[in-house]
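Data first, discussion second: the structure below is written as structure tokens.
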């Protein structure tokens, strides 16, 4: 597809919901290695709730309003670190897409830039701290470059998904500085970050969705 | 030996002490089947303490005084059901042997009669209730009969030990009415009573000691 | 065995050292830490003593204090204190108005408390006894005298302790203790065993998905061992047996104690209480006083018990009276 | 998993139903049981709120009551409440004198409390924060801001709660809370894992003869995993780290909290306290206020922590002040 309409966004949330049902146990065990095992639960819960909320609201609300609903719902249903950070991300994306009828490459780039900025402000992590941000930043940067060179949405997201995959790999060599993982210090080296994994899943799934 | 002197009694307590060190685990598991597993601990503790106390007191104190010391020590160190009942038994045996220089067959019979009566009064069990009393009573009865027919101490105790062995076997078919075992009801059938086992061990060991 | 322990032989005495170090309002007599008494006895008051095996904290000694008990003798883990120890406590707490023993129905304790009462009698101290037998699971109706005493003894302490604090006579305190005893019923359920330190392994074994309804606090067998059911169904079964014991009428008041056996977290106890409360509500019976927590444990045993005291006006007042012990405070 | 449970999804809400049923002095706002407030707010008083994940009873909501806190928002097991829930509690407990948040240093909580403070600020409510970071094991000296908050937060609640009850201003209450925070140190040790109901299996595994010194209350890794040592040696190691943190002089007073993580029986906690008390004695430091019991748990986890608050005159007075909450009473 060339651009994401409000009705597509509702289906995208359905896709994300299914994604986290599928990845629930994987994320539980990933977070369990250097965390508290809740990530699979919070993500599957929050995306399920968000998908239902946006479906209930309906496409007539428009993209920005749907994203706001998704963010607010997630903040309520899964107020873990990642739950609140992704909620913040969607709330900021809602602001960034105000007035947009559809999301083409430029709008999607704006979406993820705002998402990244929201997570960065709320979480106060730096790049390299082994967090979600280490995937979100290359996502935003890649999408901006793709938009600048006039790539189609499918092309842009495919490239971004690949960049995110690589960025996720890079988190393996980082030392966790935040959240429960920070306590594990050296033991986190060699492991991919759980939150970054979620970031990668989101973008890959979005790329598959439009591709 | 023909009769038990004060010095012998001190050695007999040594023997009993060794007996319960040896039987500790067996009694723990026996009491564990339909009770709380403490019998091996309480018996080894109380006879160790009693043996040390009578040794410290010395033969000059005389038999009755030594038995009193043993009983009082046991009451203090192992106030479980069996601990207090055996303590009561030795205190009563002390009364019964007042003035006795040595314990021949008649005195030993008096010893165990008093022991049995003490346990019966303190514990309020009836014969057949599957307790220590079901071995103590045949012990007292057999010893009296042996004394009446003028048996030597070794003979009398050998016969009594055999009677006690049989009485212990008989407890297998009884239904426990007292203590923790009572809760197990039918499950106690087929098992020999733990307290009765202690009674049998005491008399068998006494028989071996004089034999 | 996963315990914080030094030499298991010293388990009880080191625990007691810790308790006296932490709670200066408690002291002991006869140079024996196992003979605990309150540091501030009240002249003329009926003395109340309890005792029993260690391993049940806050039972027994945890209830020594204002509005509750005056003394407690404790033995080794799950073992009775000696007659001599109880006698020493008795002598100390008698303030001329007599002494009441309140303890659980276990043969070892009975034998030793009987002996202690005899010794105190020789000194001219009037001693009476009320023996807790609240455990419904441990014998049938009609054979209540065979039942074990478990967590429900808390209500007997509470009522009798408040009565004694009010200055009532020994006869009145006995009457009230006995009334609280006869109107209290408990049902327990165990999920795992405990480990007696000197024994070093589990007292009994129970499958990973099993529970035992009615198990005693030393691991005595219960009524049935079955697959662990949802919390609400466990309570339904337990409460059915409790309801069958007394004539609870609409409008009646009860006091409820949901007691953890040691290893079960508080969160679960409240989930259990929630269902107890629903069932009482369905019968129009009001849980006027509620306590949820650990009141009589079996060390690390996972499990819980529910005790219900059928109130009358007098018990209502006494149960609500203030109390202040190191382990139990009511304001 | 040996738990009293219905549907694990309802674990927290059923627990809360039980708590409100048992403790009428507690209520909630925003039609949300997870937004707990005291039923009797005091006009003009600085409001104190806390919050955090469920599964730590009596933390957090157990300290809502006289002389302690005014409200608490709780989340799912080991999960932060939402910013919205905290904001609702904040709005309700603000009595015009401002609100202080006291909570533990966990990223999920910080992110949500920050958001709540922003929301309250828009309403013109003055909100300040003191973030507990007492867990010595979770970061080195010099990096104290990275340390987790554990049981020692009890002392921060106690001191700040007493200060607010005395009618002190928000600035004074913050100063006192921050002082209590900065003078409190905790070391923990875990013997077994807990089970998050919705996950259904142990959070981590640990050998039958192992312990982990410094483990966090959600199973975060500690300093060292080793063979379970005698209780006294465990305390020696823990206290050595605590002593290294502050300049304790002969004649100094401290408050001590020996906290069970849930599965460890009280008997063992007193054995641990005994050794703590000996070590303090050797240094001429007095344990002026002592609490032993369960104050911040991890459901059924076996283990314990020791918290030490280095007193000064002001903290001494405030820690000793009366308090009365459903889970904690001090008279």
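Should a chain be cited, it is by its letter among A, B, C and D, assigned in written order, with residues numbered from 1 in that chain.
The rule is short, and it goes like this: contacts are C-beta pairs under 8 Å (C-beta built on N, C-alpha and C of every residue); 3 or more make two chains touch, one makes a residue touch a chain.
The shown structure was predicted, so the numbers you read here are calculated from the model rather than taken from an experiment.
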item	value
Co-neighbours of chain C and chain A - touch as defined	D
Number of steps on the shortest touching-chain route linking chain B and chain C	1
Cα-centroid distance, chain A relative to chain B, in whole angstrom	78
Averaged-CA centre spacing for the pair chain D and chain C, given as whole angstrom	29
Computed distance of Cα centres, chain D from chain A, in Å	33
Gap in Å, rounded to a whole number, between the CA centres of chain D and chain B	55
Multi-chain contact sites of chain C, meaning residues that touch two or more partners	none
Contacts with two or more other chains, residues of chain B listed in rising order	none
Overall pattern in which the protein chains touch one another (line/ring/star/complete/other)	line
Chain-chain contacts as defined at top	A-D, B-C, C-D
Touching residues on chain B, where the partner in the complex is chain C	28, 32, 36-38, 41-42, 75-76, 78-81, 83-85, 88, 122-123, 178-180, 182-184, 187
Sites on chain D touched by chain A in the complex	75-76, 78-85, 106-108, 111-112, 114-115, 138, 146, 148, 196, 198-199, 203-204, 216, 218-221
Residues on chain D engaged by chain C in the complex (per definition of touch)	2-7, 11, 14-19, 21-23, 54-55, 57-58, 191-192, 208, 228, 230-232, 234, 262-274, 277, 287, 290-292, 294, 297, 299-300, 302, 304, 324, 329-331
